[in-house]
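In the part that follows, the structures are each spelled out as structure tokens.
Both of the next two complexes hold chain A, though its partner changes from chain B to chain C.
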Partner chain A sequence: MRWLSNATVAHLRRVAEWPDLGATKYRLLGELGRGGMGTVYLAEDTALERRVALKVVATAASAPEAAERMLREARILAGLEHPGIVPVHDAGALPDGRVFYAMKRVDGQRLDALAASVPLPERLRIFRRICEAVAFAHARGVIHRDLKPENVMVGSFGEVLVMDWGVARVLSDPAPTGSPAAGSGASGATAEGTVVGTAGYMAPEQAEGAVASTGPRADVFALGGILAFLLRSEPAAPRALAAIVEKARARQPEDRYATAEELSAEINRYLEGERVLAHSEGVLERAGRVFARYRAAILLIVAYLVVRTLLLIFGRHS
Partner chain B sequence: MTKPVLGLLLGGILGVFDGLTAYFTPEARSMLLGIVIGSTFKGLVAGLAIGFFSKKVHSVPWGIVFGLAIGLFLAFLVAAMPQPGGKHYYFEIMLPGAIVGAIVGYATQVWRGKKLSTA
Partner chain C sequence: MRDDTGIGGRADRFPATRDSAVLAAQSSDLLERERGLAILVETYWKPAYKYLRLRFGESNEDAKDLTQGFFARAIEKDFFDGYDPARGSFRTYLRTCLERFAANEKKAASRQKRSPGGALLALDFANAESELHREPVSADRGPEDVFHDEFVRSLFALSIERLREECLVRGKDLPYRLFERYELDRDGDEKLSYERLAEEFHIPVTQVTNFLAFARREFRRIVLEKLREITANDREFREEARSLLGVGAGGVAP
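So, the complex of A and B:
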């Protein structure tokens, strides 16, 4: 008798967990990834003949709270129509009762995998796009609360998409009171005292479970963490960028940038060779920045003055 | 302000200043007015041409190259004109003229003009 290999057993286990999409318009093609709340599958929308990403609530977490949280995520995403936020196409329940939603399938790479292979200016442009998407969500009263490089996809055509809004907070939702262990209320909103997010990217107030005071500045803190991650591969990060990271990741929310837009504007200033507000530069540093910004103009003017002077000197001698 | 208008203005202004540098050459002082008028006219023509080029081609290096070329060409026409003493000042006119053209070429390329309203 031949025993099955460990890899075969693991594969069979995985396949056994695949959802039954028989009663839906979707055809399962494979698995894309797993998270705490659910699994994302690659599927084909047979009606529209296009590939989609299907997020299905995990078997183990099929409690009503998990299903409600998944639907809540789908509704939040559906309300955030922005090029930087992954669009939701559909939501529903599978024959086994598990909740799912279908979203755009993004062909690309996660930011954490891509960052090291991209030059710094391009990384900063990607970061600016993330800030714009987050600022849009904030304007609609939604706080992501789990921003990190792993939750950002960069498409093969350069599109930047902020993913995984599963623990997002809608500011109009009152934070439910009660045991933090409960995690979430019936509405799917996070209970006061519950810690959601990822260590290293979580703002101090978020890490303390202060749900009510976790606002847009908590996302600004996480954005500062993403920026720090993007600068990690630099042998010596420019001081102006280090100052932006420091301000975004200030311990006190009021010391951070008030909005993701402000943070994006700072990055823009850096990219344009303008003075970054978070950084007080010295005379030499300022001169270097101005020269770098207007290098061609300065060199042309100097060339003109040199030519004129030389012509004057040689003209008198001849 | 559009790129051709900027080219026209900048070309004209730089042309005036370029012409005024003739003051530092004693033998040219007597012809200063004519030199300034000629230099200004050359600057206006070059600036206008460079401005239209910048409107069509969006590239700083090509803007500088085109400015340099048109400045050099127009300065050559000026330098080749018959002079009272019979002597031609090719280097003295063409070298600065080309650089002034390059400066206008650069400026018209980086000029963003009127910003679009988002309201």
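So, the complex of A and C:
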């Protein structure tokens, strides 16, 4: 019997998970990442000669409900055609029986890794793009339920993509009757009482497993968490932005922004130097904001007035 | 697609159900019991020996005697009959039994020189000892980690051996040799590509990918089959598979 080094054992652990693409049009190129439900591989679509990302259900998690959840995610994504949502190209079962779907390969960085190296206005523009994608999903009755910086990719051409819709809730799905322990019904929908999401980004109602009342405002709460994350590298976050975070992350859903669009509009107001609705500003703060917004015009007027005054003074003396 | 992925999935998603060796070792049927015990000894003797050497600092000879003694006693005294799947994994149970056995043996005042007692098992200790010196254990690995690491190493080594045998019997020697070259013998050779393999073996690249896919699929099947063999029930099997293949729970539940 041969001896296996630690490196070989570690490699074999990955090999044991690698999908069998033998009878498919895909050629395995490597592993991109692992999640709770499956592993994402880099593959080549040999028919179209392009690189794609293959999400394959984990061997150890390949219970029927995991397979159904993976297919459900693919179908949800297929129904959400938006520049901010990763497009799905294909879905099916591999020769080894595992369910997979193929999606666009995004060349870029995860938001959590990228954020600190990007200036604040750019971070806020990225945030708005996230809000737009989420608002689009909400308009189609889909709640993401696991929004966090790790689930956002920023492409090398500045494109922003919301990923990992594995625990999304489709509002039109009937609530499954399974127990919370079962987690999800045969449809892949989450049973009442089941907690899905990530601590720190989960809305209180979501953390309590109140599936039926986890609506768009739960995603607004998570977006507030992402905004807070994006402000972390600021020595002192502007008060208006802090107020937006506070409103988005209000404990009661009715105290939050009603939609991701409203939240996006607030960020836009901040970027444009307009008054942010969530923040009551003082006189000085308002003056500072107005000055910042109309800086060029104000400076021109001041310069004009100074020149006119000087002309008047010197005109009289001469 | 739905035919393949409906509830329950394809029949080959999970290894064909084999009788659990753990349950077989508890059977009243003598032949069945022997079959189960043989599989358990084959899988666990090396992790047990290395664990005794590394965890208890036993000498080569003492660890050898303790390992022999432990498995001989386990067979004679039906140690494994006491295992209850509801209380944890068999692997943890076996390690606990081994620790207890080693501690009792150490305490035995009458012990001049350990005697394995019972029938001697044919175990290649020289080989196990030489393996210990080939790669030192990292300082950050605790006793449980060491036992788990050695268990995984043993499981994979046995699976590779079975893969080699099966490939040979089925006339699939080339896929095995490709697997061996690409997955097992490439330590440090990061530049090894499918193209280079195709040149080395004088076959087209497409055949390399197909053969490797076949061998990987078979390897996975055998690993899961072996795992199924050495676990008592489906829950334990899934937990071990998750632990073995490193699939975490991620940030979501379930």
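As a working rule, the second predicted complex is superposed on the first by the 312 of 318 C-alpha atoms of A that agree within 3 Å, B and C clash if a C-alpha of one lies under 4 Å from a C-alpha of the other, contacts with A are read in each partner's own complex, and residues count from 1 in each chain.
Methods note: contacts are C-beta pairs under 8 Å (C-beta built on N, C-alpha and C of every residue); 3 or more make two chains touch, one makes a residue touch a chain.
These numbers were taken from a predicted model, which means no experiment stands behind them.
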item	value
Partner chain in contact with A:284 - chain B first, chain C second, else both or neither	neither
First, second, both or neither for A:311, with chain B first and chain C second	first
Partner chain in contact with A:7 - chain B first, chain C second, else both or neither	second
When both partners are placed on the shared chain, which of chain B and chain C touches more of chain A	C
Partner chain(s) touched by A:300 [first = chain B, second = chain C, both, neither]	first
Touching partner for A:91 - first (chain B), second (chain C), both, neither	second
Footprint overlap on chain A, where chain B in one structure and chain C in the other make contact	none
Of chain A, residues touching chain C in the complex	1-9, 11-13, 15-18, 20-22, 27-28, 34-37, 39, 58-64, 67-68, 71, 91-93, 95-99, 146, 148, 150, 166-167, 183-184, 186, 194-198
Complex contacts: residues of chain A adjacent to chain B	296-297, 300-301, 303-304, 307-308, 311-312, 315
Partner chain A, residues of chain B touching it in the complex	21, 24-25, 60, 64, 91-92, 95-96, 99-100, 102-103, 106-107, 110
Of chain C, residues touching chain A in the complex	1, 4-10, 12-14, 127, 131, 134-135, 149, 152-153, 156-158, 160-161, 183-184, 187, 209-210, 213-214, 216-217, 219-220, 223-224, 238, 241-242, 244-254
